[in-house]
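Both complexes shown next keep chain A, but they swap its partner, so chain B is in the first and chain C is in the second.
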Partner chain A sequence: MNELIFFINKVVLSGAIIGCIYALGAIGITLIFGILRFAHFAHADLMTTGAFFALIFASLLSGVGPIAGLPTGFVVLPLAAAATALLAIGLDRMFYRPLRARNIKPILLLVASLGVTLMLQGITRLFAGTSIRTFFTSEKKDIFRIDVPFDLATRNIVITEPQVLLFVTTIVSIFCLHQFLTRTRLGKAMRAMADNANLALVSGINTDTVVSATWIIAGVLAAAGGVLLALDVALKPDLSFNILLPIFAAAIVGGVGRPYGAIAGGLLVGFSEALAVFNWSLLIRPFADFLPAWIEIPTRLSIVPTEYKLIVPFVILIAVLLWRPTGIFRGQIT
Partner chain B sequence: MLINATNLVAGYGGEPVLNGVDIELEAGQIGVIVGPNGAGKSTVLKSIFGLIGLQQGKVELEGENISDVPPNRRVGLGIAYVPQEMNIFQTLTVQENLEMGAYIRRDDYTSAMERMFDLFPPLKQKRNSIAGNLSGGQRQMVAIGRALMVDPRLLLLDEPTVGLSPAFVHDIIERIIAVARSNVGVLVVEQNARRALEIADTGFVLAGGRNLYTDTGENLLNNPAVAKSFLGR
Partner chain C sequence: MTEYRREIVLFAIVGIVVMIILGIFGQAYTLRMLVEATCFAIIALGLTIQWGYAGLFNAGIMGFVAVGGFITMFLSFPINDSFWQSDAPRSLALFALLVATIALVLFGLSQMHRIGISQRVKTALILVALVFAFFIFNSNLDPIARMIEKEAGFIGGLGLPVFVGWIVGGIAAAFVAYWIGRACLGLRSDYLAIATLGFAEIIKHILKNADWLTRGTLTVSPLPWPVPTPNELGFITARAAYLSLTAVLVAVIFVLLQRAYQAPWGRMMRAIRDNDIAAEAMGKNVNLRRLQIFVLGSGLIGFGGAALVSFNRIFDPSGFTPLKHTFLIWVMVLLGGAGNNAGAIFGAIAVYIIWVMSEPLTLFVFDYAAHYGSLLFGWEPPADLTTRALQSRVFVIGLTITLTLRFAPQGLLPERRIKVS
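Entry: the complex of A and B
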């Protein structure tokens, strides 16, 4: 039983946690691609910047967390999300819109977004340095140990408060996004423009409004992903840049331009990573007595060593695209 | 005069495609633009809708010069346009397509939607289906229905019957006549010249970006020169 609990902690929970983070980032990337037709490479650093906004607000309002009974970093998330959304719109107005106005190729927007990502990295390091920071200097990170009602189980399922908040935030965000896209006039216009931008224009849809809405949603979700990742681990300047590639893999695997695909892709990549780095010998060892004597169970038996975790998204990407070339949810091909 | 486009000169950069086309249409009438490939038929619709800028000439809607109004604002003035291809939102439902057609309307447009379902009965039972999964004829109904949701004064249709089976061609043409009867001016570009001229109040025969003949549909059908060159007889 202890082995099963270990598996739940290491694979089911870890996979779901990182999968949710990937999904929050990938939704933004896929929405931006659907509307503006370019791969927004600065998205991961938008997540990091969102987390730094939260750190600033948390230090200004350090008392609010204990009052609410939640981590201060989480309580200020709406403020950080608003700041990140404003930043996203500002970046668009300053860098991407002037380029779009000249009718340039999407590849140049991608290059511009690489520039923006370097700029964001520089600015965060300029103001915050390169040290690792935490939201939990004066607060305690609550850890829940859930007893498993089985005789043989002595270990607990372990989950921290930020991880619970991550699950709740992800589910609420996805529900709200779904309602927005299927129930509201602007949400439907957003889907319409992603589907057929020319016809959206011909129908009289104000494409500038749709573009702004896209950046707001992408910015809010990026901030949520960045803040919750920083609460779960720690805040450092390369917090999200390290997960840029898995996030893109998630968006592509799910089908580019498909928000629900990005969620599925995020979870798929997250669980695959957790499964790939899991030490399977722990699950096999209890059965050692049933195996022939000449089989020796190695102490480490994972599909991929942890240091090479980054190859997992690529393997998933290739495998899914061979099976379904436009992604799970049949995304748009430029 | 509902629409009065005079001396249209327009193109896509480089040599102009239109070299001085005149189009006039009254409310409630059907105008049909025919001509060989490359005559500039679709370009006429695009320049009346404002999708391409005019190098010369002007477009007047009920006497008002709208040459400088951008296309998304011409929708508000009562001009609706159905492109030849990619003219529906494939991943949206039929009803959502119609709602997008009514995007600029801030009033209650449920009656307009019910009228679309009366005009195109097959769409009523498919209102919650994804538009991309419909048959070719039904997709064309969605495309025209989307454009009609703004209650336009002028409807521009670019080859609405292309690629449809004969039964659907008949259906769509019947609907175009019904739309015109409700006092909407309809300007249609058609490949199927004979069929289209039969329903035309005014026919415009274009060649090389110029008006070659402008007359009633009936007269053009009986004009031996037109018949010889454009009606394949």
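Entry: the complex of A and C
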């Protein structure tokens, strides 16, 4: 029984946690991919920048958290999200819009976004250094231990407060996004634009508004993902490409331009990573008596060693590109 | 003459700057900078044919450089006797046999449609076989790797001539590029960028963690040179010899690429880049041609990377960074002028000089800022100011990319349109 609880802690929970983070990033990527038609390489650093905004606000308003009974980093999330959304719109105005106005190939926007990602990296690391930071220097991270009502289980299911907040935030933001995309005029315009840009243009949709809305949503969700990731573990300024690849994999698996696909893709990539690095020998060991004697159970039996975790999203990405380039939910390919 | 005035002026400026550096920092330093710049020029030429000739975005240059560097290390490093005297070579040979068998079985499965087995069954069988192959591969490699690490440190090299290492390094990079290109080139152009970026990060992780193969973070040195080393000739003569070798290589590659650019093949590539639909309508096999140039360019990148790693005399997998080995090269090509080979060479040398000079300059500026900041405002500079200061170079590289795209999208030496009379 304890093994099962271990499995829940190590795979189900941590897969869902990292999957939610990936989903939050992938929604932004897939919207930009679908509406502006380029792969936004600066998204991972936008997430990191959002977390840094939260860190700054948290140090300015350090007394707020205990009043609300929540971690300060989480309380200042709306501020950080607003700042990140503004930053995203500013970056668009400064670097992407002038290029779009020249009617260039989308691939040049991708090159520009690489430039932007380096600039964001340079600035955040210049001002905040490259060391790992945490939101919990003065506050304590609440840990919930859930008792399992079985006699055989002595261990508990462990979940921390930031993780609960992460699930709540993800569900709330997905619900809001769903309402926005299906109920509001602007949301429908965005979907129309992702489906068929020319048709949307001739039917009188205001491109500028749609583009701004896209950046706001992408910025807010990126900040949420970045802050919650930083709350869950710590703020690592050098994550950049290590988180970019899983996010891209999630967006492409879900089908480009499909926000719900991105959520599914994010969870898929998250669970695959957790399953791949899980030490399976722990689950097999209780059955050792039933196995023939010549089978020796190794102490470590994971599909992929932890240091090669990045291979998982890459393999998923390549497999999807080979097998079904439109993603599992039939996104766009051109 | 007037036609090439821009080239002459720009290369003359580079020449003057090199002379100034020679005067300040001395011969050994300048030669070292120039050798590295010529190695980067080979890499930049590889990128300029991918991006400039064919419009393919390769965001994983670091990966191909690392492959080239690893292969040249493996082939040219002296033989490690304690490895060859242990049992490891025998088990490794058996392992290679096993891998060959697995590959044969997989190939056989992939040809099953020939004997009338349906596509669906074939795919399922291949998937199952892949899973099994993966587990067999892992469980067999692990003990061998541990044994090698314990008994011999790492497997050492093969002691072959360095030049063989460079060529095979280029071929290996091209081979990897073939598989990535096969998966991505038929799709929308962004996918290639994503896949190459991921590949580069993974190849770095593998080289860093496979201690039995590369000694990982312990690094391998000293790597042999194709020319006599500084120990035999002294720094200046040896580096000058290396420089003449790389300069000749750059010249040869330049001439060949220039010929290819003007040939019907180059014209076809530009046609595909500018309008792939029209090119396809003219009967060109767009995907095949793209794959061809992607493989060729990556091969050149691998070759240049091999030359670079050999020159540094140390194989350090952690030393490969996206900033220096991917984005710096992008700046070289974008600033120099994509699609113009002379532009790529100019960009490589000019940008590399700026890169080398920027480190002391940044530290100087930040020391100055810290000094006056504390004097005037009582600002206490953080302890890690030097590592942070170097991050400003990341910012500058990013800024250069975006500004070039916006204000000089053709680069300083724009591609020459060949006039049709």
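Assorted remarks:
Heads up, the rule we're going with is that the second predicted complex is superposed on the first by the 325 of 334 C-alpha atoms of A that agree within 3 Å, B and C clash if a C-alpha of one lies under 4 Å from a C-alpha of the other, contacts with A are read in each partner's own complex, and residues count from 1 in each chain.
Note that in this section a residue touches a chain if its C-beta (ideal position, glycine included) is under 8 Å from a C-beta of that chain, and two chains touch if they have at least 3 such contacts.
In this text the structure is predicted, and so the values were computed from the model without any measurement.
Of the two partner chains placed by superposition, A:137 touches none, neither chain B nor chain C. In the overlay built on the shared chain, the residue A:103 is in contact with neither chain B nor chain C. Judged by the touch definition given at the top, the superposed model places A:244 against chain C, while chain B stays out of reach.
In the superposition on chain A, A:196 contacts chain B only, with no contact to chain C. In the superposition on chain A, contact of A:206 is made with chain B only, not with chain C.
A simple residue count on chain A separates chain B from chain C, and the partner touching more is C. Shared contact residues on chain A (touching chain B in one structure, chain C in the other): none found. Note for the complex: chain B touches chain A at residues 49, 51, 71-73, 75-76, 81, 83, 86-92, 96, 99-101, 103-104, 146, 150. Residues 33, 38-39, 41, 95, 98-99, 104-108, 110-112, 114-123, 125-127, 129-131, 241-242, 244-245, 248-249, 252, 298, 303, 305, 307-308, 310-311, 313-314, 317-318, 321-322, 325, 333-334 of chain A touch chain C in their complex. For chain A in complex with chain B, the touching residues are 185, 188-189, 191-192, 194-196, 198-207. Considering their complex, residues 55, 57, 59, 134, 139, 183-184, 186-191, 193-195, 197-199, 201-202, 205-206, 209, 322-323, 327, 330, 334, 382, 384, 387-389, 391-402, 405-406, 409 of chain C touch chain A.
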